[in-house]
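Structure below; questions to follow.
Order as written gives the chain letters A, B, C and D; numbering starts at 1 within each chain.
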Amino acid sequence: MVNKFEKDYLVVAQNASGRNMNVPLYRFKGSKPGPKVYIQSSIHGAEVQGNVVIYHLINTLKTTPICGEVTLVPNCNPVGTNIKAGEYTLGRFDPINGTNWNRGYYFDEALVERFVDTVDDEEPLEKVKSRFRKVLKQKIDEKLQETWGLGLAQQLNLKLQQLAFDADIVIDLHNGPVSTRHIYVPEYAKDSAKLFNIPHVILIPNTFAGALDEATFCHWWTLQNLLRAKRNSDINVDVEAFTLEMGSQEVISFDEGRYDADSILCYLGAKNCLESNTYFPKSMRRVAVTLDNYKILYTRQGGIVDYLAAPGDQVKKGQALARVLNVDELENDRASQVIEAPCDLIPILHFPSASVLSGTQLYKCFTDYFELTE
Amino acid sequence: MVNKFEKDYLVVAQNASGRNMNVPLYRFKGSKPGPKVYIQSSIHGAEVQGNVVIYHLINTLKTTPICGEVTLVPNCNPVGTNIKAGEYTLGRFDPINGTNWNRGYYFDEALVERFVDTVDDEEPLEKVKSRFRKVLKQKIDEKLQETWGLGLAQQLNLKLQQLAFDADIVIDLHNGPVSTRHIYVPEYAKDSAKLFNIPHVILIPNTFAGALDEATFCHWWTLQNLLRAKRNSDINVDVEAFTLEMGSQEVISFDEGRYDADSILCYLGAKNCLESNTYFPKSMRRVAVTLDNYKILYTRQGGIVDYLAAPGDQVKKGQALARVLNVDELENDRASQVIEAPCDLIPILHFPSASVLSGTQLYKCFTDYFELTE
Amino acid sequence: MVNKFEKDYLVVAQNASGRNMNVPLYRFKGSKPGPKVYIQSSIHGAEVQGNVVIYHLINTLKTTPICGEVTLVPNCNPVGTNIKAGEYTLGRFDPINGTNWNRGYYFDEALVERFVDTVDDEEPLEKVKSRFRKVLKQKIDEKLQETWGLGLAQQLNLKLQQLAFDADIVIDLHNGPVSTRHIYVPEYAKDSAKLFNIPHVILIPNTFAGALDEATFCHWWTLQNLLRAKRNSDINVDVEAFTLEMGSQEVISFDEGRYDADSILCYLGAKNCLESNTYFPKSMRRVAVTLDNYKILYTRQGGIVDYLAAPGDQVKKGQALARVLNVDELENDRASQVIEAPCDLIPILHFPSASVLSGTQLYKCFTDYFELTE
Amino acid sequence: MVNKFEKDYLVVAQNASGRNMNVPLYRFKGSKPGPKVYIQSSIHGAEVQGNVVIYHLINTLKTTPICGEVTLVPNCNPVGTNIKAGEYTLGRFDPINGTNWNRGYYFDEALVERFVDTVDDEEPLEKVKSRFRKVLKQKIDEKLQETWGLGLAQQLNLKLQQLAFDADIVIDLHNGPVSTRHIYVPEYAKDSAKLFNIPHVILIPNTFAGALDEATFCHWWTLQNLLRAKRNSDINVDVEAFTLEMGSQEVISFDEGRYDADSILCYLGAKNCLESNTYFPKSMRRVAVTLDNYKILYTRQGGIVDYLAAPGDQVKKGQALARVLNVDELENDRASQVIEAPCDLIPILHFPSASVLSGTQLYKCFTDYFELTE
């Protein structure tokens, strides 16, 4: 191989048979220095397409010399991948207690503040970053060693976060229910959105809600802000983290996976991870929203739904999004009811089953979206 | 309305809150005599498209004069429809004990034999049929009254069977997992297969496996055979029963529903259920198999599957059906494995999730199929 | 009846068949004025014993004259009660998205602050309380009317909260997995803990985590604090809210229910809800902890567990709590492993299944507990 | 060790991560000849107590010289053990398709008939048995190699059956839902029932319903019958198979496990499996039923159940078995309803959850039972 290659396994859990459950780690090291990249997939067990993307990335990295290091972690949640209920995979939350597998990462603003107190004006940024990584990873170590233990999802998340926190670039590969491609980008890294071949962009603030991308960039963003204030200079920590949502859960496609692998390689190329870059982002219309304009439309009624608007469509206010059948009223006017768009919007994803109760997340939609200029 | 219309509810169960769970019944009666038709949908809770078909049938029957009677029973399994596990519907079996909701109907060959002993050579066929219905429905009544009770799925099935056994035409509306249109037809009614607009036909023998169509035609077919032997004449009881599989579970489409409603109306028109028929089956290629040539292909390995062959495709022996990803071997030759067609076949349906264990029903396929001539 | 009695139903959801799901309301009104009491049960669907307690309370209130009003809401979560997965009830969270059914109530500290700004020094406390109720219920109304809708659990919670917020006394009846009796009491109402016949008491601070008791007392406690500060006087809003955990989920006992109904009547008697009180709390040892000393012990290993310490036992540091079997090592020293108490403690509840993964909530325990003096 | 000991693993499945799932095998071989014994546990994933019994058996066999061979297979269904849905284990059926994990073993009466045709009058019984084993195991091999594959449960069952069919004694360790000890015994081995310390005995006929004990004894019983007829002599094939139900699912107890291990050792001792037997069955009352008198009582109503009769109780006709609460009628006569015993009976097990729908298996009962004389 053109890069150094290592393969390893990380034990993340034990099942009820007392057996270790592990996660494969694939690591490529270039002969030249460069950013450290961490990419994982399938923290939600039914969102499996990321594994195909990693398969294609590995194939590319066998023959493409890199600068720095790329760690690839497919199938990072062996518990979630393997809980079937009916034919589908109960992969979004721990089937025992309902805990979302993507909400137990660690962020501690106070720790960043205390850390910045230990930084003097002379300490070089690289040393600051290296010390910061050490402090945070030690803190996670302590949590993992707590006398009373930790919940399974949190253990899993923290073990992965320890790997991810070494990286300068963190990419978490997800899928939506029935979904079109979209990406979560921290506002400070907005320009990077145009380096991927993804038409829908959600810009997120420096607020932690438990996910890996946030657990990464909230620490670094907060550090950067405090250092800038302290040193009164335009310091840039140069760490970015993204959640990529590459279409629908419960399906894979080797062909689509090639598209998304190339999209990631465009970004990595632009970030100087490749010795000689041949991947360049497509020219395409990219629309973005701020997180508060990425809205969930819930059903008011229960029933059986025909999803009329496809993910990615541009829908006008008042236009039909869905039509709900009511089996008790098939002979009269209430047999079916149309759910209309409450404003101009782009549906990004919809619920994957026709059968819904009241209060179901029917659609997630871009509202007040705007075009990202190239 | 041009026909007499009645609406009713059948109580089929009580839930854990002690509340009745009921099934809506819609009944149209024409002013002229004719066959009795019974159509139900969604005995498997995730197979919801039949409800849309019944919606369209009701709309048509509001303005189309019929001969005889049509009973429409959408959403006939209110338990199965409402068991969610994750976003999907756990609708194929009772979540408590695994009992398939479509295997508890009643067939008793010995009862038919005893009944035929009571038929003398003079009794007119219509009277024989009417007595047979009475005897069978009384037997089901007794079962429903058993001192020790009955399991929920069987209770549900028997209550529906009592309605269905009055009919001359029974149609049970289903969907496959990810599926193309196909229909189960008893061999003796093979000619009727061409009256529907359904390209794939499974011909089934006089063997009972628990489903509603079988519970209907096995009784009548056995009766007909015994009467023919007894009277040495070519008696025809003129009862037909079908299971229609109209595409995939977990989705509905009002447009596709119109197609299938029209297909059923073609059959009903040909069977003299409409006063003035305007529905005629399409000219199309129809291929058929005998039940023993409708084969299940199981996975040997677990993994993540890209379904390469779409339901309805003609696939040659050795051609790739699916490609399975193995996340532990992404860097070597075992990263993906192709599953090939063991013979020439048409995949009719495939498993609805990419994630499979070993021993999963990957595809159900037509093998040794032949064309039905028009 | 000696009290006025009304019965009603509250529609809280619609199921996938499009049918309303409702909750029964039983209301007793005394002829004399007095506190308003609200008692609900089974917000977690597998915690059904509270329904039996309400059954006994209703029997008592038929013949026991009350002051004020008592509203009883059994089986308040018809969705959670009816989701079976295997023989058990998947009742603690929404099976679709993992949302805990007891975390979507509403608390808004800023709203209390804004409200207190509208209170002048002359306004009598009863009028303040009445206006506060109106403001909060209107706010909840607005949330329930939001254009984009609300999730099912939150809708359910808010509809119940609107009923509960009228009350001066709110009691939410729960069960633990395998559990002994315990009660959550807000610190300011610590004295009331001794009015119930419950030996284990958890004292909780003015911190909102989503549950009904908190959504009640956090609003009132905050209001009281702000009013005290504003008026510089020892104002008492006289609203209390409790979560009672009455033993194990998945079982009921009419006999045990009588005990808990009497326990609640002791409290109500002491709070002047009964015209002539004949219910007095038992003399018993009551031990209490602050919430931060109510600790979860998680498993480190997966395996099959023999729970050696029973809920309610006093366990010494180092004593065996559980013994875990490892089926892969049955012939050697690692066949079984003892989990020891990390400090002196009382186990209050344990996980209800022998089969555990790593990171399972094995026990919840009182540590640093103290006796409540009578 | 006093016996030769081997440990091995059998791969029985691959999970959705593509990883092998295996079953541990523990084998003891004595220095003297004797019967071959096969004992497995936990084919139903929530029935885990058998693993503890095997743990104790292993401890005993380390120091107790045996004649022949004992194979112990704990946790024989690694899929079923590890499917959690809520806190409990969805272990009785494949969560994907509802297939009972204990119904896919193989029995083929015709194969036995064809085999007996190959036996001449001179062939010694031991050679007949050895050839029979070979023929059957080869047949199972062929099934496992079928071009189109096999379902997961059947694959698992057949792989275990190949191990078990070598044995002269097969014991399958199960638990009931909430249950007292009972044992399934083939009628021809009725005398062996008294060799275990189990008070409730179900005598089963030579009828195959899919379970391991049946798949074992139906083959041998049929062979014996055919050989007896053919040779007109009282041939005894000396193979016995039992299903032991050792109390309730979802719990383990090391203490209770010792009791059941000793009970099995009593039987093994009597069957000359131990060099020097020190285990003798207790003197106790043992009651038995024929299979058709082991009856299921189903609920007519849904609701919340207080199980009044405990497993093992002697209940008279008309006596209360259970009391069902109806939350919609708490103020009137229909608040609770008593379910009475339809005849004199002993409840052996009951449903493990208070929440039941109509048509739930409430109790399984011995009726028309009789005492086994010692």
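Here, a residue touches a chain if its C-beta (ideal position, glycine included) is under 8 Å from a C-beta of that chain, and two chains touch if they have at least 3 such contacts.
For clarity, every value in this text was computed on a predicted model and none was experimentally measured.
The chains that touch subunit A as well as subunit B are C, D.
Distance from subunit B peaks, on a Cα-centroid basis, for C.
Taking each chain's centre as the mean of its C-alpha atoms, subunit A lies 36 Å from subunit C.
Distance between chain centres (mean CA atoms), subunit C to subunit D: 42 Å.
Between subunit A and subunit D, the centres computed from C-alpha atoms are 47 Å apart.
Among all residues of subunit B, those that touch two or more other chains are 15-17, 19, 75, 81, 84-87, 89-90, 92, 96-97, 304, 325, 327-328, 355, 357. Of all residues in subunit A, only 5, 7, 24, 26, 45-46, 48, 51-52, 54-55, 58, 62, 72, 74-75, 81, 84-92, 177, 250-254, 304-307, 323, 325, 327-328, 330-331, 335-336, 351-355, 357 touch subunit B in the complex they form.
Looking at the complex, you find that subunit D touches subunit B at residues 13-19, 79, 85, 92-94, 96-100, 147-156, 295-304, 324-329, 342, 355-361.
Residue ranges of subunit A in contact with subunit D, taken from their complex: 15-17, 75, 78, 81-87, 89-90, 95-97.
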